[in-house]
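Read the structure below first, then the notes.
Each chain gets a letter, A, B, C, D, E, F, G, H, I, J, K and L, in the order it is written, and its residues are counted from 1.
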């Protein structure tokens, strides 16, 4: 029961949607980190080009268990 | 004009999207509460399994008119 | 390099999704403002009717370069 | 000394003033809850009609002792 | 249903009360803006003179529909 | 997987410690609510008497699954 | 132009209104402090008795020039 | 009923626990201030030495009645 | 005494310093707005290039009196 | 004097107390990081089982000097 | 190790820079307080005159050890 | 377009100025991290010695692209 998690703060970017931006961040994290447990989205922003949303950017804290 | 609303704080969970998590919370609320008027999403988080988003969790305050 | 941006605060409304509400705000802004550069979503709320989400409302700050 | 309070979140509405909106919320709460002890006003907003304040809305957390 | 609001941030000043400071901000806004819909008071401060409140100052965000 | 939680906000009081104040809130909640899942402590305050801490008060949000 | 202010944090209490609670705090401060310049109201709360507001309590930061 | 409190902000330090750090702040305050009424803990931090907690530091606002 | 201010939110950019970024925002504002009275810096961020600060960016709210 | 610290965000878990959860996070950090200097507790939450606190969870930022 | 600090909240003003405003606040504090240990800048604002920054104002909390 | 950034939280220290403290943090980060893109200053504090600012400390989040 006495365990410790670490949170890393990522920014996922997507041209499709905020949910996709969140998924991009988590899939990237899962390539180098094991034991991913939960995530928290703390900010939603993005880039505009030609008067439209060009990029959805989600700031995501990802937590994983430290061995 | 002199009326009063109550807010309850819910956490909707969905395997599909954050919007779906919000809808789950509101549809559940509508089964027992009448006069639902507006909602506010205050937090977006979720659970990760196998390196992917397993659950989208939306914290939702739902306001309804008190008779 | 010495340039200045202005941010305006909008509330986009959509019957479909929060992403769509964000897009509505930005497309409306692009009709009268030039040089839109980025946006920040600061609040997610909405209106409920008949026990379902009737409107998704996204508060969006839109930044554009001042000439 | 070992006692517990519960807080409920209300929104009082008044056409007269913010103080009156707070009072409306508390008087409504007192009809169904006993042991009301204190309150906290967390937001002040309202509705505008014909270029004037039509409604003062106060978000009020009301605390009462649980038996 | 697909509509957009804009919020402007004002500071109303009154020698009488905070409610009056809020009203001053909204009445001023109504002279140049159409479609005022709601307001949010985000700060309450003021100026002191001769050991008494000389001015009540209310920071008020006013929202109106963009055509 | 499509489930919904509700959060209630309590204030636990104890003459012993903040941890004990948290426990008092949760034990009281467990008498009337089923499916308690997690809690969040959002404020720590208290009452002073005779120049010493007389009461530890913990504001605790308690989440439980809605059937 | 090189001057310094100090802020003190007070809680004014009134049985009449929030504005009156603010005034009570400032008038009390003016009895011992000189050069009061401005104030900021940071919290609005109060006590309930017999199902009605018994006390309006305003947390007020008061700033004054240091000689 | 028309009374005024002042809050002072202290940082209590203890090698034992956060609760003890809070108590140290309040006992120190009680040596020079009368009418201590309540306290609010706003931050919990500390110092580390040799890979262990060396000091628990609690930021505590202490309120007392002004005569 | 019954007057109203408007705040606009700008982002000043400078290659030199944060103070210079603030000044850029205010000087730009002064070209089109009259009666500038005060400003508030709400965020400090910037861009990095070649491992060094390339741009200081200050988010600045500028207040001016409305006639 | 020109030195730099890094902060990492951990979540310590304990079945005993919040102080113990903080200690678990710091002791885990000290196994792989040198020069631990200070910590900040930013959130207190936990898990409930059988109507009692099953786990105390403390979110802890730990700062250490970078060589 | 069991010691207590007090924080006072000051506003330093300078015509030169924000850093200078911070220094003004601390130098003023050092004339009447002993054992100044650390400071925290919580707000950056200022006054505008003739379309330029006339005053930099830094809100500074200064902590000192209580004997 | 589908890319991910990571943010790390640093504390830069300088005896000269806050801008210098920010630069120290970023230059240190650039020695071990590639693709630094932007930074955010979230806190300004420091140490006092002999009644003067001895150290400016800037909490800086630095973002870089993950390959």
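Keep in mind that, in the parts below, a contact is a pair of C-beta atoms (placed from the backbone, for glycine too) under 8 Å apart; a residue touches a chain by one contact, two chains touch by 3 or more.
These numbers were taken from a predicted model, which means no experiment stands behind them.
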Those chains which touch chain D and also touch chain B: F
Farthest-lying chain, centroid of Cα atoms versus that of chain C: H
Chain pair among D-E, I-K or G-H whose interface repeats that of B-D, sharing over half of the contact pairs by residue number: G-H
Whole-Å separation of chain centres (CA-atom averages), chain D against chain F: 22
Between chain G and chain C, distance of the C-alpha-averaged centres to the nearest whole Å: 38
Approximate Å spacing (C-alpha centroids) for the pair chain E, chain K: 31
Per-residue multi-chain contacts in chain J, two or more chains: 8-9, 18, 29
Pairs of chains satisfying the touch condition: A-B, A-C, A-J, A-L, B-C, B-D, B-F, C-E, C-I, D-E, D-F, D-G, E-G, E-I, F-H, F-J, G-H, G-K, H-J, H-K, I-K, I-L, J-L, K-L
Of chain L, residues touching chain J in the complex: 8-15, 24-25, 28-29, 55, 59
Residue ranges of chain I touching chain L (in the complex, touch as defined): 17-18, 43-48, 51-53, 56
Complex contact set, residues of chain H against chain G: 1-9, 61, 63, 66
Residue numbers on chain C that touch chain A, as the complex places them: 18-19, 22-23, 26-27, 29-31, 36-41, 62
